[in-house]
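Pasting in a structure now, in structure tokens, and then I'll have a few things to ask.
Going in written order, the chains are labelled A, B, C and D, and every chain counts its residues from 1.
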Amino acid sequence: MTSKEVMVIGGGIAGIQASLDLASRGYKVHLVERSPSIGGRMAQLDKTFPTMDCSMCILAPKMIDCSHHHNVHLLSYSEVKAVKGSTGDFVVTVLRKPRYVDETKCTGCGICAEHCPVEVPNEFDEQLGTRKAVYMPLPQAVPRAMTIDKNNCIECGLCQKMCQAGAVDLKQELREEDYNVGAIVVATGFDVFDASQIPTYGYGRYKNVITSLELERLLCASGPTGGHLIRPSEGKIPRKIAFIQCVGSRDRRFGTTYCSSICCKYSVKDAVLIKEHEPNTMVTIFYIDMRAFGRGFQEFVNRAKSEYGVRFVRSSPGEIMEDPASKNLRIWYEDTVAGRIENGEFDLVVLCPALIPSKGARELAKVLGAELDGYGFFKAADILTSPVDTTVQGIFVCGYALGPKTGDIPDSIMQGSATAARVAEVLERSV
Amino acid sequence: MKYAFFLGCLIPARELSYEVSVRKVLPELGVELIDMKGANCCAPFSIQSVNYDSWLALAARDLCIAEEMGLDIMTLCNDCYESLLMVNSLLKKNPELRDKTNQILSEVGKEYKGKVNVKNLVDVLYGDVGVAKVKNAIKEPISGLKVGAQPGCHLTKPKRIHFELLRGFNELDALVEATGAESIPYERKEMCCGGPLRDIDDDLARKVSREKLKALKDAEVQAVVTVCPFCFLQLDLGQLELKRHFNEEYNLPVIHFIELLRMGMGMKLEEWEVKAHRIPITDLFKGRL
Amino acid sequence: MAEEEPRIGVFICHCGVNIGGVVNIPEVVKYAKTLPNVAYAEANIYTCSEAGLTSIRENIKKQGLNRVIVASCTPRTHEPLFRSACREAGINHYLFEMANIREQCSWVHQHQQERATEKAKDLVRMAAARATWLEPQEEPELEIKDTSLVVGGGIAGLTAALSLANQGFKVYLIEKDPELGGNLRKLNKLYPTMQDTRDILEPALKAVKSSDKIETLLSTTVSDVKGYVGNFKVTLAKGEEKRDVDVGTIVVACGAAAYTPPKGLYQYGEYPNIMTQMQLDEILREDKVKKAPERVVMIQCVGARKGEIRAMDLAGFPKSDTARLLAKILRAKKEEGWPYCSKICCMNAIKNSILVKEKFPQADVMILYGDVRVYKEYEDFYSQAREAQVKFVKHIEEIPPEITQTPEGRLAVVAYDALSGQEIRLPCDWVVLSTPMIPHKEEVLLARLLKIPISSDGFLMEAHVKLRPVDTQMDGIFLAGAASGPKDVPESIVSAKAAAARAGTLMANKKMSTEALTSVVNEDECIGCGLCEEICVYGAHYVEEGVSHTIAALCRGCGACAAECPRRAISMQHYSDEQILSQVKAALTGES
Amino acid sequence: MSELDLGFMSEVAGTPRGSGILLCIQCGRCSSGCPVARLTNDHNPRRLMEMIILGLKKEVLPTQLPWYCLSCFTCLDRCPQGGDVGDVMFAIRNLAVKHGNMPAGVAAQAKALYETTRVINPVRSALDKRESMGLGKLDTEGLEEVKKILKKTEMDKVISST
């Protein structure tokens, strides 16, 4: 018999879109998210091109729709452990990790966090800001419930004392729950290439060499600096900023031979945002090929040049050297169009690292019995004709879990909806 | 520990003091060196530039001699090291190339089998003797001396090959520190000395070494420690040339690492050896000479 | 004034530091409490968060509120959320009003905090003034027909039709040409798998033909569209004969055309050996090459990425013969074309370059590019071409390549290779121009019929370029494939399935409730002049028996008719004159 | 304006150590890290790769261009495509030599190798010192074999031609 329920794995924008489409279609959706809140990568971004909407502002309503929709069953802080069965009749075992806080009681008032004595770097802010051991990763978290991070908790019990709702429950334990679903949608997104693997760029050694995702947090009004773009070294406002493309992308040495598809675009966007923050900042983008493909992007690049005076240099710099005293960075590069080897001093350097398969993609694929492609992303059954089918019937995939096939947010959303269509096709046929 | 000792061309021809110190020091550390009879030039940069097959065959011939001796090779010169190391790894990995090369070698009744490894003085001291043992051998530590270590290009590059050997990149520093001296980090540490351009474009060669020397000066080191005889020549003799051509004085004493170690072990340098340094080292090493 | 005494609750949002960092929120809260009819006011860190919404629900009950104001961000993204909170607490959600103190205040007055706070107060006061006059509204429920019309029989249309059919819906699939297949019929092979287009097309065509849920109508176009979401009445035209179909949703998959360079651009049309990639596809497909070419030169971005050239683009450009350079720039400026990057041309050129290399291994194939935009895994496809010894030459906008001839009358391309700083002469046998995908002319017509806006680049516009890529501003009409911008086959298929999902979701629910924000005609005042019918772009007005009527489901509440009406006989529900005028008064006089 | 040699790139790609040319995406990491390129605009490994790709044979092989490289292999470590620029340099030097382009210094070393099995002739003083220290003579037992190898690999021709 066919189950009319669906499991969506991953609560980023792709997973959210798939869930909402499926739920509105009338299917019961179990949305599994590994971290304490849904939202994914899009929640970390500052603004999005070309409407320059604040990313969180257009995402939050969709996140909340998920939490309100009568057909969406949110399983946050949970992971898929095992899958049995086949199309129309899967049994999925989900690990419910203990958050040591009762979701149904917690109002997310945050008083516990105020009193928690333990401060640790906040993953959501790419380690730039801090959070407490009892925390909510982002203010608009869904579900709006605190989580206690036991690795850092010193079990002083203050949170429990302070919580009026009596939501803290330190005795919570890891549970396993089984769900019978007709189809599965994978939307596990991406992780970011570790830029320190390219030692000549000094990421990890030089304070003022940061990644683009860190930059998004620094630009974001609700980020660790309240939206003030300042240098990690001493908090000065950077006046000369460089972006370096293809850090790990288009690179055979790490097996990441593909183009990550989004770096050129968001760099131009960020460059313009920076110019709007601090008009007299000099921004230089070092690129190999300016991949401003798709609607409006070429025009945007032209505007960035002419209206905002962003400097584009066709070059992949060879190395970065830090001045130990000023913590400024000297970039050695060749302007390949002028054919000149040059070097320039910058206050802040933003590396644009490759996007790589998310941690756990490989294990999940094993659990699902789905094949991965050469890079470790989920393999489409047929990249031309069945772009959102995995190699397993009844299991579909969308968003960056498919790899750089996904250009950007709209692509993720289209794929999310497309999986909804495929699920509907499968479940309606097997009536 | 026993090695086929590959002397190379430059050392016996120009830098005898290097060889002498090696022959004095290594036995003290329990390393036995057996000369390679009938060995030929490793086929360095210049020869590789002329003919690929000659390079493979010449290097392979040396490897064969070591195979006959049943010993791993120890080189002093980075050029020898790079050439023998690369050919060894090429032939080990690529059967076609090996057959092609063996065909040439058959002319001289030799066959490469790929049974030995190629090591450099630093590999031997760091990997086989061990830093601890080196430290123990130090009787008169070179304390208070700030030096800039110049590993030389082919000790660490290309990493493609050296990663296979799982080597680290700060081995020379560790050994220098073991003698009691302080190894100061400096910009362009991995940069070339300019040596390979000697006799091709002397002016450029000088300009490259000048960059290196500037960086060392900026780091305020008292001396430069080299492993490769080419680096030594280029940085030591090079300073005289820079004086002549650009009228710049650096006065940076340059010494072979093995000499530093030797002095640390309490073995004094003789006068002719001291004289082998164009930039005088007498003030720096008073009482050790 | 509404019959029951208004009790307004005001919820003011910090939006983290977005608003709270500029506007003095506690002061605004204090002020709000002083306003007439305001029974309650509070501040929230994020009113849109669960906590904020919960507080709205609870206070509606606790304080007996019958009007709610949220002063925060834009209604565009957040109004539905707060409205549902009101609904859940049992008050009609048209009794909700929003004041935008972020986009219209804190964000634009970051450096004038006191004055921003004053403006926030003004906005709240205005909202309160209007809220006082708000009235509950009903949202009529609509039937949704479970039949769909797919316009366009290319790969996107075929995919959408099949998906909808598989989801169990009846589909009319119309195609303006006498056969299905669209651009795929003209193409040879598909990158990066190099499959024959037939391998992709045939199965789709077979499936469509064999599906009992799909009715295919060839040589057919849309001649008229009436009705609205769930109940479209579409008139189809096949030559002279017309036919009406009733459908619940429409999927627009009218595709895109390939740009044909004007005669003379790169001497196109003057030599048979100067062709477009599309033509090369055909040549390779038909396998009608007589003599193997010695050299093939492909030129990218012909008629694409044609932004104007600015002096600063020349910075760092090696000084050469300036006069010649300037002449070329001027010429480049005159060249007509489209501003955007067509996205698929790089891969398409690489595809053909590899095919040429396979057919004629001796041929020297060169691709003259501005940027190699092989995004995604297509980077590997680019490597494949380089390993096949295809040569890539970067030219710069300022010096476009020129077509000349050798003394022997052979074609020769003169190009400036920016990466070697050399001007090179390439005697060659074929010149292949990579031209962008551009909007169909028919599309513009269709857009007018369907009342979908067209974006600056000429393609059909999505409802929201980031969040709603396959929806349009017209409920029930969706976009699939290249109709909304250049797409390759997999991208077209994904968007088609997405459109099918969105349409399917709508139809599966069989019903939907619409906005109450519509125009109402005061029949006593109306003289039936028909001005409203004339100016309404949504066709929501019609005059019958001397009186104008509103089709609620079509009316978008834009208010044009109300403004136009000479007798002031039309008013807008939820935007009544009282509501707006009291708001204006509050703004100007500072009183409520 | 330069005429191009259609086959030059494949010629280089066909030589041992030359295949890297096909991987080049002209990113410029090699040139910006190259110690020589920083000192003189005459040398630019990235540009040299482009010239090979285009087929500017006449502008490359007979000139000084192949001989600026130090083979310090910095580029080998940095090329994101694993293009082994430094190896390609050896490939074009081999071709340059075939075209009779070989610096005197290199020729001298080749000659010395052919005559003594070593590329550098020892200075008198060094030889004396050796003896006085009982370090033993520098043997040339390998000479015949070396000559055979150089003949077999046709390097002797190059040597005699200089």
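The working rule: contacts are C-beta pairs under 8 Å (C-beta built on N, C-alpha and C of every residue); 3 or more make two chains touch, one makes a residue touch a chain.
Note that this is a predicted model, so its numbers are computed, not measured.
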Intercentroid distance (Cα basis), chain D paired with chain A, Å: 48
Distance between the centres, which are taken as Cα means, of chain D and chain B, whole angstrom: 21
Chain centre separation (chain C, chain D; CA means) in Å: 58
Between chain A and chain C, centroid-to-centroid distance (C-alpha), Å: 25
Of all residues in chain D, the ones touching two or more other chains: 23, 25-26, 38, 46-47, 81-82
Multi-chain contact residues (two or more partners), chain C: 372, 383, 394, 419-421
Overlap residues in chain A, where contacts from two or more other chains coincide: 250, 336, 339-340
Topology of the chain contact graph, where touching chains are joined (line, ring, star, complete, other): other
Contact pairs between chains, per stated definition: A-C, A-D, B-D, C-D
Residue ranges of chain C in contact with chain D within the complex: 294-295, 364, 372, 382-383, 386-387, 389, 391-394, 414, 417, 419-426
Residue numbers on chain D that touch chain B, as the complex places them: 15-17, 35-36, 38-40, 64, 67-68, 70-74, 76-77, 82, 86, 90, 93-94, 97, 102-106, 108-110, 113, 117-123, 126, 129-130, 133, 135-136, 138-139, 141-142, 144-146, 148-150, 152-155, 158
Residues of chain D touching chain C in the complex: 1-4, 6, 9-10, 13, 22-26, 46-47, 50-51, 53-56, 81
Complex contacts: residues of chain B adjacent to chain D: 9-10, 12-14, 16, 19-20, 23, 35, 37-41, 44-54, 57-58, 61, 104-105, 107-108, 110, 153-154, 157-160, 188, 190-192, 194-201, 204, 207-208, 211, 272
Chain C-facing residues of chain A, complex: 21, 24-26, 48, 50-51, 53-54, 57-58, 60-62, 64-65, 67-68, 107-109, 139-144, 221-222, 226-227, 250, 257-259, 261, 289-299, 302, 305-306, 309, 311, 313, 335-340, 375, 383-385, 387-388, 403-405, 407, 409-411, 413-418, 420-422, 424-425, 428-429
